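Structure first, commentary second.
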Amino acid sequence: MAETTGGVGAGTRSGVITLLTDFGLDDGYVAAVKGVIASLAPDARVIDVCHRIPAHDVRRGGIVWASAVPYFPPGTVHVAVVDPGVGTARRILAVEARGSIFLAPDNGIIGHVASRREIRSSVEVRAKKYFLPRVSATFHGRDVFAPVAARLASGLAVEALGPPRRPTSWDALPSPRRRTVARGGRRVVEDRGEIVLTDGFGNAVTNLRPPEGRRLESLVAGGLTLRGLHRAYGEAPEGAPLVLVGSTGHVEIAVNRGRASEALQLRVGDRVTATWA
Amino acid sequence: MAETTGGVGAGTRSGVITLLTDFGLDDGYVAAVKGVIASLAPDARVIDVCHRIPAHDVRRGGIVWASAVPYFPPGTVHVAVVDPGVGTARRILAVEARGSIFLAPDNGIIGHVASRREIRSSVEVRAKKYFLPRVSATFHGRDVFAPVAARLASGLAVEALGPPRRPTSWDALPSPRRRTVARGGRRVVEDRGEIVLTDGFGNAVTNLRPPEGRRLESLVAGGLTLRGLHRAYGEAPEGAPLVLVGSTGHVEIAVNRGRASEALQLRVGDRVTATWA
Amino acid sequence: MAETTGGVGAGTRSGVITLLTDFGLDDGYVAAVKGVIASLAPDARVIDVCHRIPAHDVRRGGIVWASAVPYFPPGTVHVAVVDPGVGTARRILAVEARGSIFLAPDNGIIGHVASRREIRSSVEVRAKKYFLPRVSATFHGRDVFAPVAARLASGLAVEALGPPRRPTSWDALPSPRRRTVARGGRRVVEDRGEIVLTDGFGNAVTNLRPPEGRRLESLVAGGLTLRGLHRAYGEAPEGAPLVLVGSTGHVEIAVNRGRASEALQLRVGDRVTATWA
């Protein structure tokens, strides 16, 4: 069938669909999405990434998405429905990149899982024949994303969904600013960035990545100066703050067996400055 | 095998079991249920509808159930364990309706997913040979519902579970009152109903459905009067309240990118009056 | 293949992997674990036990684990990642006991699901060829537990993972103290124990088990004296406290349709004394 050829072909689909939403766990919304998928693609396996993204928080949704997506098999269909514009003129995109398929509103969230040049194919999802027969204006997760994801997981080509269209919105972590400065006769690297996420453990994750071959002299966040880079949370005394490189490769501030976000009063958006010797 | 014939036959089971409970996500209770099912029906696929129904809240459980159930394939076994009467004389029912099977205590929750005349078969679940060997008085979800659901998903006929028995309790949304009234020389439809649920987004869902061919003149809720019906949340200015028809077909009050329940102080049980011109 | 023989052999694996963590549901951490498993063992079925164990709370994690594990099919791989020592010198153990396999840090949590003499095989997980190629110091759930669990579910023998090593840490419920005392000319059994968990319903679970053939005369907890043992929550008047034997066989204090932990101000660690006549 012509529709199933091209791009990441049917033969390379993993049969896995992942779901990231801001639907929460108190209602039946996620289940309705899964019911549609179970009806249309009985053999697809649905894996939850997260449903507790704060409502409409595209930034946090994107960071959480990016932390999980790389670990799934190639040919997975990754669906993100953090969609304050549902029912308005905003577009839905199906994007093929990095060997997998991403289905999301054109609200920038794609930027967290693929760079512009990694996109191999990108279309606007418009082929109504792949939607539920009646499409509400308030729940495209169920009426559009779910049936389209089911078809993609079953091998439908991205190109069958609509006309080519690149993402027009592009969210991404703010870029840190790096400069080399002289300090006490030495040249050090100074990175200025910010806290981009506090996770469920209270760890404050920044947008900084460690430069190669240098050691952390200090990290300043809020009124706090922390010295040295640790490898693991348990290397600091219990209750003590520490800096380490977290599981996504970013510098983060933690408290061993505690919650840095509360103990150190760190919030998303707070400025951080790291000095690498 | 005689037991597996009749009603929704084995051949028409989808192999899917859905679970709705008030067990929460902090304990191992849901997992114990899934372990029993995995032991007895290894090929069944279990899909969570919701486990965060407030303890013993049959009404909310039923509304959430009704929002998801219609989207699952025919032949699915839908299990609801919101069961304050566990271990007492309350009955457990297995009901065949609308091409699927519902397993729930006889506490009225069935009323949200099937009408009386849609019930094709209904039995009291009493056949102990399908329960776990030891049945506790406090956890029928694990000891009765799970093994019975596993057998139903594998093709056991509803009739094999016990004697015919219709539901004796019947919860349902309160019926709104509709009347046609003269106003300024015109005849308008006035619906009086109430808020039946506030969802995870803070949207306040009512028991009203829009009459065909009329437009919403006003909706009064609390001290608030809202005018006109919107199609999508994003059609109102950010932070502004609006009225729309939500994903289950009911009139709901929302705030674009906000939480209506808090911003407008709306609660379950609050009266609403809609006037349709 | 020699590696897949011995112990609970490949032929006896259920293909089910269960996950218990303190990762919470707000991040993508659980999904990253599932992504790794889906990549390495596409046919394994992953079932969540609980991800809302309070951070680093090995005791609660163990109790929740123990409440679910016995209900899974033999040959299941049970993974517990409540791991404050991640990245430090703490060991990871793979333990074969009771016909299943347990993968957990050597922090005592194994003690809740197997006794010392039930352990048939126990190794330290050290074979790096079964880990992800790059192992972070902060997220062994993803980089070590997930790939090892995938291999175990696919039939890898426990012995292939590393050298024999018994658990060195052993958490377990505190043992209650039982004595027989004379009271009013009769001999009664007096059990002194404590509250070990308050569950999502607010039920306060103790470490006491009822002695056979005796009836509960009284249970004292805090300033409260409760008389008689009930079978089911609904046997007490609404809002009234009661004592019963809960679903794991332990004595618990509940309030019918209420929350004992709040209503009676009961907390983990509170002493309880039961007198059995």
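Lettered A, B and C in written order, each chain numbered from 1.
Criterion: contacts are C-beta pairs under 8 Å (C-beta built on N, C-alpha and C of every residue); 3 or more make two chains touch, one makes a residue touch a chain.
Note that the structure is predicted; figures quoted are calculated from it, not measured.
Asker: If you take the chains that touch chain A and keep only those that also touch chain B, what is left?
Answerer: Looking at chain B and chain A together, the chains touching each of them are C.
Asker: Chain C and chain B are one sequence twice: same or different residues at the contact, by the over-half rule?
Answerer: Under half of the interface numbering overlaps between copies: different.
Asker: Quick one: report the Å distance separating chain B from chain C, using the average Cα coordinate of each chain.
Answerer: Centre separation, chain B to chain C: 32 Å.
Asker: By residue number and range, which residues of chain C touch two or more other chains?
Answerer: If we look for residues of chain C contacting two or more partner chains, we find 25.
Asker: Once bound in the complex, which stretches of chain B touch chain A?
Answerer: 14-16, 18, 20, 25, 45, 47-52, 64-73, 76, 199-202, 231-235, 244-247, 256-257, 259
Asker: Where on chain A does chain B make contact in their complex?
Answerer: Residue positions touching the partner: 23-36, 38-39, 42, 46, 55-56, 84-88, 90, 136-139, 142.
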